[in-house]
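Working notes, structure below.
For reference, chains read A, B and C in written order, and residue numbers begin at 1 within each chain.
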Amino acid sequence: MSAYLVSVLTEGAIFGIMALGLNVIWGWSGDFDLAYYGYIAVGAYMTLVLTIGPAVAPAQYILGLTLPYPLAVVIAVLCSMAVSLVVGSIALRHLRGIYFSIVTLGAVYVMYVLAGQYVPLFDGYNGLSGLFDPMGDWFGLDYQSYQYFLMGLCLVLFVLVFLFMWRISGSRFGMALRTLREDERAAAAFGRDIYRLKLKGYVLGAGVGGFAGALFVAYLSAFNPSAWSPVEIIVLYAAVLVGGRGNIWGVALGVFIMGLIVQESTRFLPEVPGHPQIVLALRGVIIGLVLVLFLRFRPQGLLPERRYVDAQPKLEPDARPV
Amino acid sequence: MNEALLTLGFALVTASILALSAVAFTLQYAVTNVANVSHGEILTVGAYAAYLVHQRTGSAVAAAIGAALAGGFAALAMHSAVIGPFIRFGATPTIIFIATLGMSFVIQNTLVIFFGAANVAYTLDPGAPMHLGPFLLTPLDLQIIASAIAITFVLYLIISRTKFGKALRAVSQNRELARVTGINATRVAAATFFLAGLIAGYAGFILAESVGSFNPYFGFSFFLITLTAAVAGGLGKAFGTMIGAVLVGIILEFAGGYISASYNLAFAFALLAIVILVRPRGLFTNARRTVFE
Amino acid sequence: MNAPSKTLDRPPALAVRGLTKHFGGVYAVEDCSFEAPAGQVTGLIGPNGAGKSTAIDLISGFKLPDTGTVIFKDRALEGLPPHVISRLGLIRTFQAPREWPGLTVLENVVMARWDAGREGFLRGLVGLGLTQRGTAADELVRAREILDEFGLAKLRNERAGNLSGGQKRLVEFARIRMAQPELVILDEPMGGVNPVLGERMAVAIEAFIASGTSVIVVEHNLPFIERVTQHVIVMAQGTVIAEGPFETLRSNRDVIDAYLGEVVKQ
């Protein structure tokens, strides 16, 4: 297996976990949350400051506790959930539609500017680095075999998150989230506490995002503001949209398709001498066009959300027509 | 005290540009009920057009006209290619919001392909700063402020005195009702986008002048501040938006001077979040509401 | 027709006292007071703009009243959020049918029943033990029965958003049967519905009463009101101007002036 394939599969699995988390918020609850990448970033940053050693001047950052990686991941996920709880409890109380989107966009910019400008937090634009092959030495892995190990780990975790989401999707909780997406007033009229229910979904999604962020830094071994421009996450929304909002199989398909576009377009588009950004820009154009065209012509995605089909028991042949 | 007044002078320049950008945004919102996220790109297109025209002709006036026209046609294209079809298709405002976000991404990256991502330096000779009462302003600053006031005045005349202005107000109040009374809402919306684009394109030109440089992303960052001003003034309300822009411009300039300029954007957004939460329909309407009201 | 409930010893299903709500300077509901007898169908009629819909919103918690009280099951409802009121057993419908359009008809009916503790997310994850599965199966059986009763069985796997206006109303009725509230407030159930369905709706409303659900119905269709109600409340300009059995209201001058006159003139 080539190193290229290993990195693609690892990234794809992490990207898939991110998309599954987003699907809870956008696919099921139906809120277009622009702060989502902020929760991924919180997971990534917190994992780094918890696992690497204390800051050595001129670098500055908080903590530096050298905790074992799995423990750091758990704490990082809790931090993502805590931040999302704060943002969600403000934004979800009264705001819906574009007002919700605008406030979450504001929230993510505040996070972004804090991470980039407030140096004592995460060392500003330099960002953090120094998480090398977490858990690798537990198993005595060298650099080469560690890549395989990480790929396997990410794929297994993706499958676990997928199963987790599959369970949620068919549960009363998953159905209740969908009633909010479909008609909030009716949901309230039939006894649903829309604010708490939405908040639960929001924090759950953010936690999954934070988890993906924690895995992402194990892969990147570093994180800084240029890794997460708030606008760049449009590709994540495109993946969920293309595959099918609300359908976890669709989300997995969307991740595969967008991954293909992102990876392969960079591979096959011509390099223009003197214009290093041109390939990235073309990719951006394609992603934006995919988003607009799907919203217009196939908003339900390639695999629309499937509904429970009731086959049993057989009905009397004289069941009255309406 | 003196320093505060100096800051206020600079704030007036920021507020003038912001007012034009925000009023253009809010006009688009008024006739379509859509928050056009790619509004910032109209400013960016305006800045590039101004730069190119200025290079060819050497005339700042030609550059201003070029910026306005480029902005007008860019906005018209946005309406006829994306926003209009989505509205006819019956998409919700949130879906169109997302589509315009995608469109913004497409335009930014297209500009990168043609012009590169690097900053383009674009400075006019600002002239010698002069003391005007307590303010210290350059002739360029004065031109910016004067042009913003003039444009506002012309816009006011268009909205209040012309047949088109009447149709615009009718469509913004009730699209369906306007249609019933024989107004072609789509055409009015297209014309409004063109008008808004003229204003936003010009705003892009003066923004580039006052900042001194621009790149494909510069309109988007300014859009975020524009959004704050427009929401503070009440989305879709042209003259509330003007006042919102002046307030936000002043607050930002003082925050930039006294806190730190690098937090400007975050500060604008914190402000926006507070405005939306406390007064979701703008600072100047007194509507209370619950989730369902 | 028997005299209204005040003579019965059963407490009213709902008591509204001095309910007031204004928007800006306009009073939508002003000092509105009435009682809806338990175990009966109460009609709420009045011209457009009489404040009927606002009154329903105030009672069900979708809007906050300025002043006034709403008593339901010996509890004051005003100030409670809609979901709490719904859980107490007071469910309302809306002028336009509010189905969950992307869910199937069967799912719409199943999800009409809110079940404490079963919608938690941990339950969703680890739950679905044997008892859970049993409850879910019972629920499904019950939902199928109800759909069959409303003639919707064939449509049970259809997305509710694809149904006709009348069918959506029937789904709404089916949802209420599933939820089994103590009181239901129907907001213009005949609005946009083929009058042919009227008799079916009337039968459904009688079935609500039979299953222990009291009914308040807001409606413009007066023959329908005459057909289904035992007690009628007439609102005009935000307040109650008359009440009693439908027949006695026919001759009431105020009612004729405020409302019925318009209808008669047509």
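In this section, a contact is a pair of C-beta atoms (placed from the backbone, for glycine too) under 8 Å apart; a residue touches a chain by one contact, two chains touch by 3 or more.
Remember, predicted model here, so these are calculated numbers, not experimental data.
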Nearest-to-centre chain - CA centroid comparison: A
Most distant chain from subunit C by Cα centroid: B
Gap in Å, rounded to a whole number, between the CA centres of subunit C and subunit A: 42
Distance from subunit C to subunit B - Cα centre to Cα centre, in angstrom: 47
Length of the line joining the C-alpha centres of subunit A and subunit B, rounded to whole Å: 32
Where subunit B touches two or more other chains at once, by residue number: 290, 292
Shared-contact residues (touching 2 or more other chains) in subunit A: 185, 188, 194
Residue numbers of subunit C (touch at least two other chains): 62, 82
Of all residues in subunit A, those that touch subunit C in their complex: 164, 167-168, 171-176, 178-179, 181-183, 185-194, 197, 200-201, 204, 305, 307-310, 313, 315, 319-322
Complex contact set, residues of subunit B against subunit A: 35, 82, 85-86, 89, 91-95, 97-99, 101-106, 108-110, 112-113, 116-117, 220, 224, 227, 231, 260, 262-263, 265-266, 269-270, 272-273, 276-277, 280, 289-292
In the complex, subunit A residues that touch subunit B: 32, 90-91, 93-99, 101-103, 105-107, 109-110, 112-114, 117, 184-185, 188, 194-195, 231, 234, 237-238, 275, 277-278, 280-285, 287-289, 291-292, 295-296, 299
Residues of subunit C defined as touching subunit A within the complex: 60, 62, 81-83, 86-87, 91-94, 98-104, 106-107, 110-115, 118-121, 123-125, 127-128, 140, 144, 148, 151-157, 159, 166-167, 170, 175, 179
